[in-house]
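In the two complexes below, chain A is the common chain; its partner is chain B in one and chain C in the other.
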Partner chain A sequence: MTERTSVYRIFWRLPLILWQGAFFVVPVAFLAVMTFWLVKNYRMEPDFILTNWEKTLGRGVFWDAYWLTLWRAALAAVIATAIAFPAAYTLAFRMSERTRRFALFCLIVPFFTSFLVRAYAWQVILAEGGPVNAVLGSIGLGPYVMLNSGFGAMVGYLTLVLPLVVIFQTWGLSAIDRNLIEAAWNLGATPLRTLVRVILPAARTGIFVGAIFAFILTFGDFVSPFYLGGSKPPTLSILIIDTTKSGQQWPRAAVVSMMMILTLFLTSAAALRIAYRGRG
Partner chain B sequence: MTEPLVRFHEVKKRYGSAFAVKSLDLDIQRGEFVALMGPSGCGKTTTLRMLAGLEQPTSGTITINGKVMNDVPAHQRDTPLVWQSLALFPFLSVVENVEFGLRMRGIDTADRRERALKWLDRMGLAGFEARRIDQLSGGQRQRVALARSLVTEPEMLLLDEPLSALDAHLVIRMQGVLTKLQRELGITFVYVTHSQSEAFAMADRVVIMGQGEIEQIGNPREIFRAPKTRFVAEFVGRNNILAGPVSGGVMTTAQGPVPVATADGPAQIVVAADTVSLSRDRPAQGPAIQAAFLSEEFAGTVIICYLEAADGTEFKAQVTEAQLSALQPEPGQPFWLTWDASRVHVMKA
Partner chain C sequence: MTQNRLHLSRRTLLQGAASAALATPMINRAWASDPVQINMLAWYGHAEPDIVAEFEAANNVKFVPKYYAGGDNMLALISQSPPGTYDLILSDAEFVQQLNAAGYIEQMDASLYPFDDFYPEFQKFPGHWTDDTLWSVMVRYGLLGVSYNTDALTREEAMSYNAYWNPKVTGKVGHFDWHLPSLGQMSLLNGNKSPSPFDIDEAAWEAVKEKTLSLKPQIGGYFDYGGTFSNLKNGEMLAMVGIGDWITGVLRKDGAKVDSVIPEEGGIQWTESYSIGKGTSKTEIVNKFINYMLSPAGQVKSIQMAAYPGLSPTKSGWKAIQDANPDEAKRSGLIEGADNDPIKLFKEGRVFYRDTPKQQTLEDWNDFWSEYKSA
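Here is the complex of A and B:
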């Protein structure tokens, strides 16, 4: 009996193991190995040198890009979490089940078009002679330069992550036992204190998971900083492009990638720990 | 008569076109243990929730301590409720759960901790204060929920089927805990349940509700032995109901003539299953009707026999094990039911 169960277990896990092995573990291992290779006459040669790590991590450009990317990803996660919450709260507590399902479907619709197309759309909307400046101009403001700036990049990041964050938060909030909210009122909590003391702690996991997703997607995004942020100063994703383009420095780009993977791994692990702390 | 703690005056609650509570007039006295009992959908929980301010009445007034409460929001009332699901906060420790109400009232940290610990101790939960809720047993959670509701020393405690999720042996124990607490504290308990045994075991007064209206209010004995309406007679106890016109001390029922000591006119009588005896032959005297045996149900020390009269009416008779083995009933077999005519309860038709 146990033998059969274990065979079944392996059988059902096999696709996941193969997929993760072939398309995640092996490439990452290859990437890690590549960081020690040598580039000679624009061609890579297997080797074991530490130069790529020293040259990359020794440059101020890398660290400027690193802190910029980290800061932007953290900021985008915080802003997305804050903007998404009222929407998720409304969807979870004020809407009927039907409306909620329809709204969640609408939140998936943006993913039907390529993010690149959506970024191009923002280029038109945020342009100096675009509709946003036209509206602001009609009340005597602007024109503002919104493209090719940190603001432009942030608009891109939020376009990418906001629907996902709303979905995660709505799930988190919908799962709260309504009796807990009523119990808080019943014990003398005002609506505001109910939100802070009961709803937020009870929805903590959904809120954190949404924020983690926002952070991960923003941290690695290339489209927003390139097409809307003007690629200067460069983020890590743009640094990778630049490094591969200039002199075929694939191993050094791999170093940047390894640093990104490491950072995402550590931050997500820490955030998930907080998200699930005190949960069974 | 002193002013009641709670007064419902012509309270109605409507959801769309459906009435959850049709028209409720009810006074609840200080220090009373009142049970609201009825089948699901009878409006008992809605009534309790209106008292806590979690639902607003469509019309009518609810007064607590002489003050009209209709527009007082839930968080400004002192009407703690114990939920069926208990609704303990899973992200807070045991003592933080108990402290919650005090914290919301702005009691300072040291004071509220002391009061919470005192209540945990009283509930036999000393040493459990740092536990998480999911590390407690069902009975322990129940007591945390009680401590959380009582820590603010309210004048009344509302309970919404708090024992229905517990194992049978724990229910009996918690009934003891609740009645003892209510006596010691001297506060009002308003207890919603669909369980007759819980209501009758604990309450001073039982309010039977059916379809949004009060059917009868009385102490458990009155309700059990003298149901006012057919609904109550069918809902509580194991009762047989006979109906028909009475003339000269004889009621003409669908099951035949039955002697009844009541005035002429239409009437209904309630014959409790425990006052009915069964026999194969027609008894020499007293009321008797004939019915075919259907099935039996073991109810602990006694057995309930179900029988069907020729017109399809179901009858119940409570017998002992010895009586059952003497009768040896087979399904479909006819029996005579008889009872002591002086022990029947006469209802208005």
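Here is the complex of A and C:
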């Protein structure tokens, strides 16, 4: 019986194991090996040198880009989480099932178009002569520099992640047992106290998972900092492009990628641990 | 009977017409053999219909392009492909010797090309030859200088690279995100002309770095091809380092208020040249195409290429564009003695050939470029 159960379990787990092996473990292992390779006449040659790690991690440019990317990703995750919550709360508690389904569909619609196209649309909107500055100008404000700045990049990040964060939070909030909220009210808790002591802890998993996704997607995003932030200053994704563009230094770009993977792995693991703490 | 015959005839006619219509593609295929495929590695635009459609139709060939952006990108693509992958390679002149050193291109027979028709400045162009052996043939070139928004700067103000430091464009100066043209311009501003802005010693290199870093407060962003277009067009950037008429010429056709000038300190020449890919079996048709592009008709197409304009290295090309499109000839200076006549600029010693760094490595320049971007 135990043997049959074991075979049964392995059978159902096999697709995931094969998928992760073929499309995650093998490529990452290859990337790790590549970090020790040599580039000669624009061609990579298998080798075992530490130069790529030394040259990449020994440069201030890398660490500037690293901390900037980390900061922007964390900020985007926090802002997206904060902005998404009222919307998710309204969707979960104030709307009918039918309206909620329609609203969630509307949140998915932006993903029907390429993110690059949406970024180009933002270029027009945020330009100094664009509609936002035109509206602000009509009330005597501006013009403000929004494109090719950190603000522009942040607009791009939020365009990318906000709908996803709202969806995750809505799922998290919708799963809360309404009896708990009613019990809090019956026991005399104020709306704010109910929110802080009952709703937020109960929806913690959805909120954290949404924030993690926001962090992961913005940490690796190239389009927002390049097309809306003007590459100024460069993030890690832009540094990868720069590194490969000149001299075809793919091994050094692989070092940057490995550092990104490591960072995402550690932060995601920590965030998931917090999200699921006490849930068994 | 007559009716019957008529009815039959109509049906037969319709059936015949339908059969003919259905069979036509087969007949066409039977008549003409499949077109010969020419694999081209090039900057964007060189295998688009405005350039190659006529030649394809006349010679039953089909160009299959692989486009790249930048010489490094080109070298990477070719180094990762087996020999014979590309029949025709369009390269920036400064990368031809690297293609040659790596064995990616075939030696060319100089007698097959109309060098007599070339302006003397281009007949034995540096980088295309090793002694008397030819490796590449120039098909077009262009000049990089100060590109600016005509509402923000006057032509006189733009006549020096110091225009980038003009308070009128603070925060609105963009870089085409490639270190060679931008740092080459900074080198020219520092007076590094002999032998070349790219052949500078360590002291001059340090000075170029310092000068470049001083421009940082003026910079609004670093852009690729598309970003350069859109930011100049929408006025987000009022001056752009490292480009020239190849961008502003296209934008001006769209009505954008931008222009490019060759400043007093000098301009930088970009050059696009055809080489024959090592191991190709299509040398004959490739040579025919190169000659077609060097013919007056080919040069008229090249000068007016939809993706980005270029200048002609041949005398007959100048004559042809003057006849075919006098306005374009005037705009691009392809008229002997005109103010913007590129040959006149060469003779005045105001144009310098874009090159790879001679006394530093490409990596040195690129590393500094990354540092500058994050400064």
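One rule holds in what follows: the second predicted complex is superposed on the first by the 269 of 280 C-alpha atoms of A that agree within 3 Å, B and C clash if a C-alpha of one lies under 4 Å from a C-alpha of the other, contacts with A are read in each partner's own complex, and residues count from 1 in each chain.
One rule holds in what follows: a residue touches a chain if its C-beta (ideal position, glycine included) is under 8 Å from a C-beta of that chain, and two chains touch if they have at least 3 such contacts.
In this text, all values refer to a predicted model and were calculated from it rather than measured experimentally.
With chain A as the common reference, the superposed partners chain B and chain C fit together side by side.
In the superposition on chain A, A:Tyr144 makes contact with neither chain B nor chain C. When the two complexes are overlaid on their common chain A, residue A:Phe36 makes contact with neither chain B nor chain C. By the touch criterion defined above, A:Arg204 lies against chain B but remains apart from chain C after alignment on the C-alpha atoms of chain A.
After the chain A superposition, the centres of chain B and chain C are separated by 150° when viewed from the C-alpha centre of chain A, nearest 10. In the superposition on chain A, contact of A:Tyr89 is made with neither chain B nor chain C.
Touch criterion not met for A:Phe222: it reaches neither chain B nor chain C.
Measured by the number of chain A residues touched, the leading partner among chain B and chain C is C. Here chain B and chain C sit at a least CA-CA distance of 45 Å once the structures share a frame through chain A. Chain B contributes residues 52-54, 73-76, 79-81, 83, 85, 87-92, 100-101, 104-105, 132, 134, 148-149, 152 to its touches with chain A in the complex.
Within the complex, the chain C residues that touch chain A are 70, 72-73, 75-76, 79-80, 98, 101-102, 171, 174, 177-179, 219-224, 227, 230-231, 234-236, 362-363, 365-367, 369-371, 373-375. Residues 41-43, 59-61, 64-65, 120, 123-124, 127-130, 145, 147-148, 226-227, 229-234, 238-239, 242-249 of chain A are the ones that touch chain C when the two sit in their complex.
Of all residues in chain A, only 177, 179-180, 182-191, 193-194, 197-198, 201-202, 204, 278, 280 touch chain B in the complex they form.
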